[in-house]
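The structure under discussion appears below in the form of C-alpha cells.
In order of appearance the chains are A, B, C and D, and numbering begins at 1 in each one.
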Amino acid sequence: MSADWIYLDYAATTPVDPRVAETMQRHLGADGLFANPSALHLAGRASAAAIQSAAESLAQLVNCDPGRLLWTSGATESNNLAIQGVARSRAHQGKHLVTMPTEHKAVTDVYRALEKDGFEVTWLKPSPGGVLDPASLEAALRSDTQLVSIMYVNNETGAVQDIETLGGLCREHGVAFHVDAAQAIGKLKFDITALEVDLVSMSAHKLYGPKGVGALYVRKRDGLNPDPLLFGGAQQGRLRPGTLPVHLIAGFGHAASLARELMLDDFTHVKALCDRLWRGIQSVPGLLRNGDEASCYPGILNVSVDGLEGESLLLALEPLCVSTGSACNSQSQEPSGVLRAMGVPDSLAESAIRFSFGRTTSEAEVETAAVIYRAAVSKLKDLLPEAPE
Amino acid sequence: MSADWIYLDYAATTPVDPRVAETMQRHLGADGLFANPSALHLAGRASAAAIQSAAESLAQLVNCDPGRLLWTSGATESNNLAIQGVARSRAHQGKHLVTMPTEHKAVTDVYRALEKDGFEVTWLKPSPGGVLDPASLEAALRSDTQLVSIMYVNNETGAVQDIETLGGLCREHGVAFHVDAAQAIGKLKFDITALEVDLVSMSAHKLYGPKGVGALYVRKRDGLNPDPLLFGGAQQGRLRPGTLPVHLIAGFGHAASLARELMLDDFTHVKALCDRLWRGIQSVPGLLRNGDEASCYPGILNVSVDGLEGESLLLALEPLCVSTGSACNSQSQEPSGVLRAMGVPDSLAESAIRFSFGRTTSEAEVETAAVIYRAAVSKLKDLLPEAPE
Amino acid sequence: MNVDPYSALTRRLFSEPQHRAPLAGEPAAGVSVYMDTQGVQLRLSATATDGVLDTLTFRVCGCPHLIAACEWLCRSLEGKPVAGLSDVKPAAIMQTLAIPVAKTGRILVLEDAAAALGAQLSATPPA
Amino acid sequence: MNVDPYSALTRRLFSEPQHRAPLAGEPAAGVSVYMDTQGVQLRLSATATDGVLDTLTFRVCGCPHLIAACEWLCRSLEGKPVAGLSDVKPAAIMQTLAIPVAKTGRILVLEDAAAALGAQLSATPPA
C-alpha cells in the first residue's frame, strides 16, 4: 500500500518493525504462547514468562524496576490511570493540580474532567518555543498541590521539557510528578531511576510496537497508590484487571529492546531527514517553524504559512500523509490548542502541518515531500483573495 | 509448544485462528494498513475503512447497527464502561442496581466498587443448576432500579441464562439491561435486534481473535448515555478515546466473520468432545458435574470430587491445561464464588476443574484428558487421611 | 463504504480550479463582492453583457468543499443569465458535491456573495 | 526468571510420595496424630525402636507444597532419633523446597503434628 502514499506521520503512529511483528506472531496461534498468563497451568506459566521478559526489556530501556510497570491499553489509558487515579486517591489531602495546555488531549481532557469534579487546575503556559520555564512551575506549587503532569516530548512540535529540573522541584515540594513520555520513549534517553519522576506513561505504537498496548510506571513511594479505573479481578495487583494481551506485551518488549539498540542511529537518521526537509522548504515565503529548533526532538517538524486554510492544505499535499496538529485533533477541525498556547496566532495555527519521520523514512521521500509542499502552498496562495483596501 | 501440553482452557482464552493472524499481519508493517484511523490523510482513511469493515462483520454476527459498537481493550473494560458508565450517568434518577454473584469478576467487582460508592445492589441467586429464575428478577426490580447485569453464558459452568425473558422484564420496567456476552458471542446465536438488551460486552480472544480488544454495544435509546471512563480526544464519540488498534480490530472483525460461518460446526464439535470426556470420567467415584447439563453450553465441562484439594489436583493433572474455576481466580486460591453461589459446598468447590474445548481440540486430546483425570484423582484420593472416629 | 470525506467531483474541482479571479491588483473588468465571515474569505467577480454572465470567477480562503463549490458555481453560471446569481440553491450544491452538513454555513456565504453580486450587476447600467 | 510456583524438588516429592501411611482401616503399628486445621487435614504416623524412628509416614489433604513437605520430612527423619520430630524447622523446609511465605501456616501444621507425634512416642513405654 505504501506505493499509494508517502507516510510522514510517525508521531501519530509508527508501523510495527518486522522483527516485532514476528515476535507477536509467535504469541498468537495454537502452537504459540497464547495462553492466559494468569492461569496456573503450563501454558499459562509460559505466557507469564513471556510477559516477565517483556517487562524486563521495557525496564531496561527506561532503567526502572520491571515490577513497577503496569500494562495498559495505551498511553491514553496510562494517562487517565495516573491522573484520575492519583488525584482521586489523594483528594482528601488537597485538590490542587498543575499541568500545561500544551499537553496531549489524553492529559488535558482528564484535567478538564477533574475540574468539573471540583479539582482546581493551574495551567502553565510555555515560552513561545514551547518549553516550560521551571520558575513558573515553582511559582505554581502550593501546599495543597497533589500532582503535576508535564510531558517529555510534545507530540505536535517535538518540544522537549526539562524533566530533570521539573522533577526535582516536585520532589522538593512533595508533589507527585507524572510524565507523559509517549513521544519520547525509545527516541531520547529516559532514565527513570536517575530522574525524579513518579508516574510515566508509555505507548508501544510510537516506537515500532503494536497499537493497543501501553504501560504506566508507578514509583514505589508512600502516598502513591492510584485508585484503579477498572475493576474485575486480581491481575496486576488489582490496579488494572483484564486478560493480559500476551502478543501485544511481547511485541512491546521486543520493540523496547530494538529501540534501546537503535536509539542513536534512529536519532541521527531523523535529524538528517528533518534538516533536509527544512532546507527544502525554508524559502517558502511566510513560512514559520513552530517550536524552537534548539529545543525540539528532530523527528517532528511543524511549520505554518500565514493565511492558508489547513484542510485545503492537507488535501493539496496528497499523497503525503502528514498531520494538521495531532491526529486526534483531525476530527475536531479547530486550530491546535498546543500552538495557541505557544502564542501562535490562529491565522498561522490554522495552516500548521506536522511532518514526522521515522526509522523507515527515506531521504527520497523527504525530498518529494519538499517539492509537494512548495507546490501546494503556492497553489493555495494563488487562490487567496486580498481584502479590499 | 503444544507438544508440551494439552490445552483444554478455551474458556480462559482461545488461540488466534491462523486466518485471523494473517489479517492482523496485514495491518502491522510499513507496507500494511497501520496508520491512525483518526488521521485525515490517505493512509488514515484506509485504516478507517478497515475499522468500518470490521464493525460491519461484528455487527452481522450479533445483528446490530455497526454504528452502535464501541471498541474497547476487552470485556473487562466493556463491563466497566457499561456498568460504571450507566450507573453514574443515571445516579440522579436512582441508585438501585441488580446483578448476580455468579457473574464474572469483571462484573461483580464493579458492582462491589459501586456499593462502596453508595449504590445499592441486589444480588440474585441462581438455581442449583446455575440458571436465574426470571421471577426472582421481577421481584427485585424497583422504581429506582437503573441497571441490571446478567451474563449470557457463564465462564465457569457454561450455564446459559434466558436473556430473552430477562430482557423483556427489564424493558417493561424501564430498566437498562446489560449482558456480558464474552463467553457467548460466536458460540451461541445472539441477536441484539431481536433481544431486549441495551448494553452487550464482547471480547475477541474468546472467539479465536486477539487478546487486547473487545467491544461494547450501546443501544440508541433515551437515557442511555454512559459516562466515559477515559478522557482524551474525540475518538469514538468521546466515549472511549485513544488510538484505535487497527490490527486488533481487523482481527476481531475477521474472527467474527469466521465465527458466523462456523458457529454450527464449532458447536457440534465441542458438544461431541464434552460428551466424550464426560463418558470417560463419569465413573470416577464421588464425581459431580457443576451446572445442569441441559442448560449449559457444552464447550465447558466443570466437575468436582468431594474432598480433594484443588491446587494439588491441578498439578497432578499436568500436562493438561485446565482451570480451577476461572483463570482470574487462579491467583486468589479461594473456592470459586460462582460455585458457592450455586450452593456447591466448599469441600466440592475446592476441587472443581473446568475443562473447556474449542475449534482446535481433538478427540484424542479429550481421551487422554480422561485418562489423566482418572489417574490424578485416584492418586490424590490414595493420600487422603480419614478423620479418626 | 466510503470514508473519503470528498466526493470524486469535489476532488476534481478542487484540484483544477479554472475560475480563479485576477488579484485585486491585476487588471480586471466587471464588478466584484468580498465577504469575510464564518472563517471564510471570499471574493466573487463577474462581467456581464445584456443580462448574461460573460465571466464568473472567485478567490477564496476556505476548505476544499468551499473551493470546489465556488468552482462548480462559476462553471454552472458562466454564459447563463445574471439572474442565476440570485437563485443559487445551497442544498443542491451540497448534494451534488456531497458536502457534509457541518459545512452548510460556508456554502451559505457563497450563496450570499452570489446574490450580492447579482444585485450589483442588476444595478449597474448595461455596458 | 522462574514463573513455576514449584521447585524441581517439590515437583519430584509431590509426584512420587513414598511415605504414604496405611489408611486408618488398614493394619498399622505404632502411633499416629491427626490434625484438621487451616484447611489442612494431616495424619502423621510412626513406629520407633530404642528412640529411633523405624517408619514415619503421612496422609494429607493439602496443596502440593504441603504434600512435598510431608514426604521430605519423612525421608529426612526415618532412621534418625525420635527427638528429631520435636526439632522440625519450618523455615528450613520452606527454604529447601522453595515454599512461598503465603503457605507458612500449612507448614506450621506439619511442625505441630511432628512435635505432637514426638511427644506421644516419648510418652509411649519402650516396646
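As a convention for this text, a residue touches a chain if its C-beta (ideal position, glycine included) is under 8 Å from a C-beta of that chain, and two chains touch if they have at least 3 such contacts.
In this text, all values refer to a predicted model and were calculated from it rather than measured experimentally.
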Tally the contacting C-beta pairs at the A-D interface and at the A-C interface, and name the larger one.
-> A-C
So, in whole Å, the Cα centroid of chain A is separated from that of chain D by 57
So how far apart, in whole Å, are chain B and chain D when each is placed at the average of its C-alpha atoms?
-> 42
Mind checking the centre-to-centre distance between chain A and chain B? Centres are C-alpha means, answer in whole Å.
-> 33
Overlap residues in chain D, where contacts from two or more other chains coincide | none
Note the residues in chain A that touch 2 or more other chains, in rising order.
-> 40, 311
If you go through all the chains, which pairs of them touch?
-> A-B, A-C, A-D, B-C, B-D
Would you tell me which residues of chain B are touching chain D in their complex?
-> 307-309, 311-312, 315-316, 382-388
The answer for chain A against chain B in the complex is residues 1-2, 4-5, 7, 9, 12-16, 18, 21, 24-25, 28-36, 38-44, 46, 73-77, 79-80, 104-107, 109-110, 112-113, 203, 205, 210-213, 229-235, 241-248, 311, 314, 318-324, 327-328, 330-332, 360
Which of the residues in chain A come into contact with chain D in the complex?
-> 40, 45, 48-49, 52-53, 56
Would you tell me which residues of chain D are touching chain A in their complex?
-> 1, 3-5
Chain C to chain A touching residues, read off their complex = 6, 11, 14-15, 17, 20-21, 23-25, 34, 36, 41-43, 59-64, 67
